[in-house]
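In structure tokens below, several structures.
Shared between the two complexes below is chain A, which has chain B as its partner in the first and chain C in the second.
Coming up: the complex of A and B.
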């Protein structure tokens, strides 16, 4: 009797190749562009928040709780106005052309002639893109952590750290989704447009559960909600609350990464590349 | 008797209704520089891609270095080198970083592979530009980097798809000489696919001529010339292709 083929072959892991891919992407123009955007956000956010309108502080207080509403506004602005948008842009820049741009350059055939499957190439390239995103996100978050305390009153290092630790997972989701879209459409422009639409839909509804508690169940399926929801708990932060969100986001990202590998295997079988 | 490096038996590939390769059977001896000839669209690249497992044959079978091209794809790729036609190297990388990257794809790194990279850079006259970005490289220079990546794993079999296209006469002469020395000095089998007939004439002992996916002729070059009363490669090729058109108008 023939053994049924497994649905998903996990690629053989090659740390050496991942490191080289990461270094190569980190030094690319795309990566430098992403870093420039992150630094711009770091510099611009305090100016944007210098004199926030009272009604905005009031709304944020109503959504996220009145305690320490000014600081919650800072966290809201940092995640929603800056980092969420940067997550989308980073995803588009780093992952929306995965395999597709290599194919357009004629480089994919050369890479595929090495002893690796298409799914492995995708898996490694996506992990490297995530690695570059995490590098720049961490760097800028650390700079913000060190510099914002002196500029922003009521700044809490612990709350900012907790938020960054959870929100980075939502950012990784953005990169993974862009990679998956590249494989689904096999055209960079289509992948970019669809990924942008989906990501902004998720970002736009991330706060839905705060101002409409009846829809709290719906936002449980939104990684960006889990990326920002720690803001409501900054008064009584617990390691469990942070860990719970990190694990949830890891699950989201694992699913998207797995779908990408699965799609790559299908495309390899169909000889689509 | 020398073992065949490549064996094809009625190998075919269809893309929908289009027959890209049709019942091709041939054998390539180890250590040979084998010319795979035909004009654009003849099915040369499709055959090469099938031998590397990049495409699956529609029917027929083939073995590369004794390995099955469908079941042992990754093993074949580990033992072979491939220089594709029409590729662009990553502009942000340097020859050194690109070769290090390719070595990492094989899971190789460290001092031994650094030595091999240095040796290849030296061999192709790239040492002085080893840390310059590939974006500014000429076609000839890029082709040297391309050939270096194909040789990085010290392959027993080398697939070259139109390697001399876009090279100046001097670059072409050097490359052909090097390919010949690979077979003579290191025993590497070379499958040299091209539509430039003079290249085949200058370095290949055995040839196969492919036309519209079908094998028109296969054998020692001199014997084929004699059998078709052709003094030059061009005459041989034209006689065979015209003959094929008369048979299948």
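Coming up: the complex of A and C.
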């Protein structure tokens, strides 16, 4: 009896290849550009948040909870003003042309002459892009963690750490979605336009559930909501609350990553590239 | 009109642009519909921090921003196919081997793309205006102000698009181009966040808000926005023309394509 063919073949990983791919992307001009923007956000945030007006703190307190509203505003601004936008930008700059760019430059034929599947190439390149994003995000979050306590009053290391740990998952979602879009459209411009639009829609509505609790059901489908929702619970942080969000976001990212691999297999069968 | 420009015009408008504009229009309608139904404290918050007098102004603030965003991105993604993508894919040399200068090639590709962005801007302007008239009513809506401010937003979107095009001369691959596009696009809109978080700066330096708080500052101008648009739009147009000519000149002087 023939065993049915699995829908999804997990790619075979060559760690050395992944490492080289990561290093080459890390040193690229676009990766340095992303880092520069991350560092600008790091430097600008304390200035922006130096003297928030009392009414603003009050309004934020109404939505996110009154206790420690001043620091919640810091977390709100950090994610809404900088990190969400940088997540979108990182996705676009690091992954929105996966495989399609290689094809346009004529490199894909060369890559495909090796004994690896299209899904493996995609999987490794996407992981390298995620790796570069995680590297810069972690670096900037650590710098913020070390330096902001002396600049921003009421800074809570634990809350900031919890937020960074969950929000990084939303950023990874952005990178994965950009990679998936590249394969869905196989044309960079269309992929970039769609990814830009979808991601801006998601970050634009990430806080909708706080403004209007009737819409909480809707934002459950938005990974950026799960990336920021820990802000409401910073007084009684529990490992479970953080873990729950990390797992949710891992699920989102796993699904997108799997869809990407699946799409790569379909394209391979169709000999689309 | 020469053959190249004719062919380029035939490619416009493109389907993705239509989809993007439709989605933006849909978002504008949604905001028109949702904002009056939001809890009172949201409206109080937005009105307080952006100094808006009524709901229509609040909705318009969002719509003007959308207009700038759409015009910029439609133009940007079209400009990528002028020299960034052809250079990356290795056929720019071939295109430029034809009997035309870089300047002619640039203008012949640019004008149809620009017309498309402008056309979509106008469609969005009309659509959004109609949306407000139908959903929110005309009691706080002044057509003259609306046309003037929308015109400024479109002109600014185009100018920032040209600035990106100029910078792309040094970044001829799509990934880097999108980084540059993103950064330039944020220049006019990011500083307005400062108005919300640091009003003390704007109290200390009152004129700053007239420069930094786009597009709310255009709404604050009220009736004066019409007179303002009469000289600002031509000024932005002049700057844009200058930038395009500079781009052509610099590109001509670049050794590599």
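As a convention for this text, the second predicted complex is superposed on the first by the 270 of 273 C-alpha atoms of A that agree within 3 Å, B and C clash if a C-alpha of one lies under 4 Å from a C-alpha of the other, contacts with A are read in each partner's own complex, and residues count from 1 in each chain.
As a convention for this text, a residue touches a chain if its C-beta (ideal position, glycine included) is under 8 Å from a C-beta of that chain, and two chains touch if they have at least 3 such contacts.
Bear in mind that the values here come from a model prediction, so they are computed numbers and not experimental data.
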Superposition on chain A - do chain B and chain C clash or fit: fit
Partner chain in contact with A:109 - chain B first, chain C second, else both or neither: first
Which superposed partner A:262 touches (first chain B, second chain C, both, neither): neither
Touched partner set for A:271, first chain B, second chain C, both or neither: first
From chain A, separation angle of chain B and chain C (C-alpha centres, steps of 10 degrees): 90
First (chain B), second (chain C), both or neither touched by A:101: second
Touched partner set for A:21, first chain B, second chain C, both or neither: first
Touched partner set for A:190, first chain B, second chain C, both or neither: second
Partner chain in contact with A:117 - chain B first, chain C second, else both or neither: first
Chain A: partner with more touched residues, chain B or chain C: C
Touching partner for A:53 - first (chain B), second (chain C), both, neither: second
Gap in Å between nearest CA atoms once chain C and chain B share a frame through chain A: 9
On chain A, the residue positions that both chain B and chain C contact, one per complex: 29, 105-106
Chain A-touching residues of chain C, taken from the complex the two chains share: 16, 20, 23, 27, 38-39, 41-42, 45, 48-49, 73, 77, 80-81, 85, 88-90, 174-176, 178-179, 182-183, 186, 193-194, 196-200
Residue numbers on chain A that touch chain C, as the complex places them: 29-30, 33-34, 37, 47-53, 55-56, 59, 62, 77, 81, 85, 89, 92-94, 96-97, 101, 104-106, 188-190, 192-193, 196-197, 201, 211-212
Of all residues in chain A, those that touch chain B in their complex: 14, 16-17, 19-21, 23-24, 27-29, 105-107, 109-117, 271
Contact set on chain B toward chain A in their complex: 49, 52, 54-56, 74-75, 77-78, 80, 82, 84, 86-90, 92-93, 97, 100-102, 104-109, 146, 149, 159
